[in-house]
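Read from first to last, the chains carry the letters A, B, C and D; within each, the first residue is number 1.
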Amino acid sequence: MNMIYIVFIVLLGGALLTFFANRISGLLRDTFFLLTILATTVLFFTKIHIGDTVSFTLAGLNLKWGLDAFGWYFSLIVLGLGTMAAFYALSYMKGKDRLGYFYFSFLISILSMLGILMSHDLVSFFIFWEVMTWSSYLIVIYSGRNVQKNGINYILLSALGAYAMLTAIVMVYANIHTLSISEMINTYPQFSHVQQVWLPVLFLMAFSVKAAMMPLHVWAPGAYSDAPMAYTSVFSGALSKMGIYGMVIVFVSMISYLPDDTLFKETFAWLGAITAILGTLWAIAQDDARKLLAYSSIAQLGYIITGVAVGTDLAMLSALFLAALHALFKGTLFMAVGAIERQTGTVKFTEVTGLIRKMPWTFIASLLAIIALAGIPPLGGFVGKWMLYESLINSNHYILVIAIFFASTAAFLYCYKFLFGFFLGQEEKEWENVKEAPALMVLPMLILAAGTLVLGTFPGILLKPADAAMQTLGYASTEGHLWSMSILFNEWGDQVLLRPLVYAIAGTFLFFLIILTVKGWKNTRYVSTKDISSSGEVPLEYENLTFSVNFYQPFLRAVGPVMKKRMIYYYREFGSGMEALFDYSRRIYNGNGQTYAIYVMIFLVIILLFKNSIFG
Amino acid sequence: MEEIKSTIIQRIKTHFSDATEKEYPYNRVDFSVKKETIPAILFYLKDEMGFKHLSHISCIDWLEENEFEVVFIVWSPTDKIKVFVHTRVDRENPVMDNVDMIWRQANTYEREMREMFGIQFTGLEAPEEFLLEDWEGPPPMRRDFDTEAYATNTYWERPGREDAKDIRETIEKRSGEILPDFAKKYTR
Amino acid sequence: MQEILQYTWGALVSFVVAFTVGITYMGLNRKITARVQNRIGPPWYQNFFDVLKLGSKETSIHHGVMQHMGPAFIMVTAVMSLLIIPILNDNRFFPNLNFHGDLVFLLYIMVFGPLGMALGAGQTGNPNSAIGVTRGLSQMVGFEIPWVMALVALMIQYKTTSIVDLMNLQAETGRWLMFTSPFAFLAAVLAMLGMFRYAPFDIVGAPQELASGPMSENGGKYLFVMMSAGSVFAFAKLTLYVDLFMGGANNLIILVVKTFILYLIPMLYGIVSPRYRTEQAIRYFWGWPSLFGLLAILQAVFL
Amino acid sequence: MMINDKNSQKIVDIIQNYARKHSLWILAYGTGCGAIEIPPTMTSRYDAERLGVRGAATPRQADVLLITGYLTTKTLKRVIRVYEQMQDPKYVIGFGSCTINGGMYWDSYNTIKALDRYLPVDVFINGCMPRPEAVLAGFAKLQELIQAGKADGARKYKENLEWYRANQKKVIPNWRMPEYNW
């Protein structure tokens, strides 16, 4: 039996076993869950090799599954983050009810993502896509909060994307009578021009919903913040990357063949940049950490979409690099929020402060992740951002550079808000007894955060598979002229050595830290955060002096005009407009038999008048 | 002006039988009432006669008569007339009605009087501590509170202080100016 | 090993130079401000006393690890900027790490320190510190726009993202970029006003309203390191401007003269200015300076 | 060269004291009427910045605490707090007769009469209030003391903390402050 089957059977069987083991005992359920995900990961990375394929016929349809380097790169994200999130979930979900349901959906969504990455035909792609939507929807509504609002938003937009994809698939089948993806790509240049335009548009619609691109992003903040954080890290880190996965394929193998492809690419690059800017601005305005990270995810995916849409080899490389990195740091951050939620019971910046001494490991993980997110050297985020800027300047997208730069500079604001809101500030009596999260929650965070640290110094670790993935897509190998281990190339210059820079930063930092520590060691004291210079006043224990309400009010006032209306407002306006329209058209049923007779008459007259052109 | 003043006196006297008036030149009218009448007369002045503004609440310690005198000063912006309402409170049991529901700012004056004279206002909702922090002695503005003795006991004084003599004699000697008798009466 | 020693030597020497010149500039700033206000003012070497005094403070307090590390963060930024920005035209005396494509790196390393210091300021628990930090970060988003626009204009006009290339280009043609790309220079200089945080953009650490904002809980050795880093960083920024727009410098004297002329701009602008609120400052930077930046890009694309 | 050698320590002390005396960052605690004498001292008429005197925003950064007039017990509590938040070496200048012997408030029920019972004062400036010239003279005197190494109020405070605390607690009954454990 082929190993691909075995992986899927293990996942499916494990999911079912977990679901049913829930009725027997919690320990058994947890064991099955962990064993399933571990076995899948081990089997996948040891037994399945790039190039393996398997095909079978089901109900007259030829289905083909297989793994290529491109899919392998994304499955690295899915399984890496999935395993970490699984460990985290064991501890995070402890004590909650309906765990069989949660673990089952978790495993099924991992299965569906792997399925998408391994599908070589449109039918299984579509089926796995739908399974992914439904399994994630089940988790979004798991908590039971705001199901009406967020769950419906999510499923409606996903359905919209699914219909678009289904239309595209039918269109392909009507043309070439096969459902193979490679066939579709090969014959794409022979399609008529209208189809050539509509096909990518429909596909991109489906993918943009999952990647939360600007006009279709409205589901994301609610859905990300409502799902349990153990899953949201996968949701935002890996599941949204499926949209990117599809987009890359569409852009590389379809849109490049269009005669007017630049228009497409420019539009999507700008949509990505606008997504980044608006996502960032909305993230700055949030007081809820989950919402902040959700908007931040939208913004980060905006960069990636821009990179994909620009489509030069460096841009694509940076997009792939950022996609993996986003999984690392956003996974960490959502996990950190989950840890704080579990330990304190709230995720509002206005409520929790001063956790740094209570939850030091969570703080370290969040700090590393935030530095990576902000793109500050020497962590991995900088490498991705640097490649993105270089590629944008090389491909003459000047205004785009400034837009992206604005978004990533403004991102510092919410980065600081996240760290300050939870970990810094006054240490309040209310949170005096907060303890560090259990080791099972802290370790995955630290491992993922260490990943960003390693990638900053040795980006080649990730660039190698990314390069292989790009070669699958038809790019020339970037190894010769763009990168080799931890040496980035600039097309206009010669080589950049990142390692000396990283060592210089670390060395200088350590040097001055030692000076600061050693100098006057005996006469340096730690004082509590109540011992501050507040005009000679001693703050009382219950007096909360932390500044956390209206944190960026001056900035938001300056950018106010952009943020007057939210996108969901236009959807609602559109919805109520449509309602009014249908309400109006309902009036043709006025209950009068005479009127209906006239309708029949008019219908017959029309048929008689135009019968030649209709039936002719 | 005079007509308005006489109308005011007329109306107050018809409504409050215990009010005794005293007329001053210009735009000032004084009334003396019992302390139980205070909320009623202030309500009447504010709501019926247009005395919208509470200028001040003041307190005088009549030690010899064993009474506190509390004075409310209200002002009518339309008539440009101010009315002083006097009342007497027993010094041994200084309790009177709280009026901060009529004017919010009365709260501040009442807190000050409570702290400085020890007058209790029934139903006054405010923290006990106002201007004096950690004060443990008697209310310091009462006339039977000996400030000098208190200061000498509590605060260490540097020896050799010489300027605590009668400064007015020195002035008299230096400038030749002759001080009136009433000024000398208050010197140490 | 040879290389590391060379870089360390370069960093050390350039650090000493930058420290001396930077501190002197701060002192001159106080002197000139005093003269403008019809005072005699402190001597030009006053800030050496201040730094020395802060360094010889016997005690210091901190509120936790992040505040303890905060000054080290800002020092890293200062030293790394010095390491990347070429001090003189030929790198012989101050060998440093500059590389092709370093402008983007520089943009990001320049916020590394302030962000680290902001974390330190946040941990003090002083509300003034946090308010100052939010204002500083907001203002930074403001002035980065014209600054990046100017840099992008240079990058696309001369097809390079390297400072050394731009310096070589000016050396070859003999024409300074401030004359060949005047709009970029204007935008960059206006952005510099915000970068130096003198009036009218000094609301970040306003002593009267915010009690010096992010620094309000730092004293003794922490303030000592911060003040030194601040002056080194100021010199590094000025050198960057000289390198980019004024053709670099062949020896130290020319460098000092050029940087001082540049330094006069934010200083004199600051002396005669009142103070902007944060949103006014942001709107200021997104007004004329950004327009100049846009003009610079148009010039770079079409001319 | 040994650093803890006595002679080299002396040289270091001289250099440090020279720097300290030329860089006095003041924290003007504006009590009483003396606060109004600070602006003319700092601005162009008298220009104290010539001597290196400069305003500091918070006690953490300041060297000199100016007590500009009478101190009520309520204010004294804050002043003690501010003084304890300053970093060594630190100096106190008392302005006017109120800080020396109570001045015109000598018989007030809530004003202290001798500041040096509660905080170590390095320099008193007399007058009611002292004019800016006198303030400058006070600064000059403080500089002399610093150069001679005699302005050691902080050390005195540390050594006699119990005595100072007893005095402070006598006038501030409700003592609720962090420990001073230097």
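Note that in this section contacts are C-beta pairs under 8 Å (C-beta built on N, C-alpha and C of every residue); 3 or more make two chains touch, one makes a residue touch a chain.
Model, not experiment: these values are computed from the prediction.
Visitor: Looking at C-D and A-C, which one has the bigger number of contacting C-beta pairs?
Guide: A-C
Visitor: Relative to subunit D, which chain's C-alpha centre is the most remote?
Guide: Max centre-to-centre separation from subunit D belongs to A.
Visitor: Can you work out the whole-Å distance between the CA centroids of subunit B and subunit C?
Guide: 61
Visitor: Rounded to a whole Å, what is the gap between the Cα centroids of subunit A and subunit C?
Guide: Taking the average C-alpha coordinate of subunit A and of subunit C, the gap between them is 36 Å.
Visitor: Approximately how many whole Å separate the CA-defined centres of subunit A and subunit B?
Guide: So the centre of subunit A lies 71 Å away from the centre of subunit B.
Visitor: Could you say which residues in subunit A touch two or more other chains, in rising order?
Guide: 523, 525, 527-528, 530-531, 533
Visitor: Which residues belonging to subunit C are in contact with no fewer than two other chains?
Guide: In subunit C, the residues touching two or more other chains are 57-61, 211, 216-217, 220.
Visitor: Enumerate the residues of subunit D that touch no fewer than two other chains.
Guide: Within subunit D, residues 58, 60, 77, 88, 182 contact more than one other chain.
Visitor: Which residues, counting only subunit A, touch subunit C once they are in their complex?
Guide: Interface residues on subunit A, with respect to subunit C: 354, 356-357, 367, 374-377, 382, 385-386, 389-390, 393, 396, 398-399, 401-402, 405-406, 409-410, 412-413, 415-416, 419-420, 424-427, 488, 490, 492-497, 500-501, 504-505, 508-509, 512-513, 515-517, 519-520, 523-534, 545-547, 551-552, 554-555, 557-559.
Visitor: Spell out the residues on subunit C that touch subunit D in their complex, using ranges where they run on.
Guide: Going through subunit C, the ones touching subunit D are 30, 34, 37-42, 46, 48-50, 52-53, 56-61, 207-208, 210-212, 215-220, 223.
Visitor: Spell out the residues on subunit D that touch subunit B in their complex, using ranges where they run on.
Guide: Interface residues on subunit D, with respect to subunit B: 73-74, 77, 100-102, 106-114, 117, 167, 170-174.
Visitor: Under the definition above, what is the set of subunit D residues touching subunit A in their complex?
Guide: Touching subunit A: residues 29, 58-60, 77-79, 81-82, 85, 88, 176-178, 181-182 of subunit D.
Visitor: Spell out the part of subunit A that touches subunit D in their complex, as residue ranges.
Guide: Residue list for subunit A touching subunit D: 523, 525, 527-528, 530-531, 533, 535-538.
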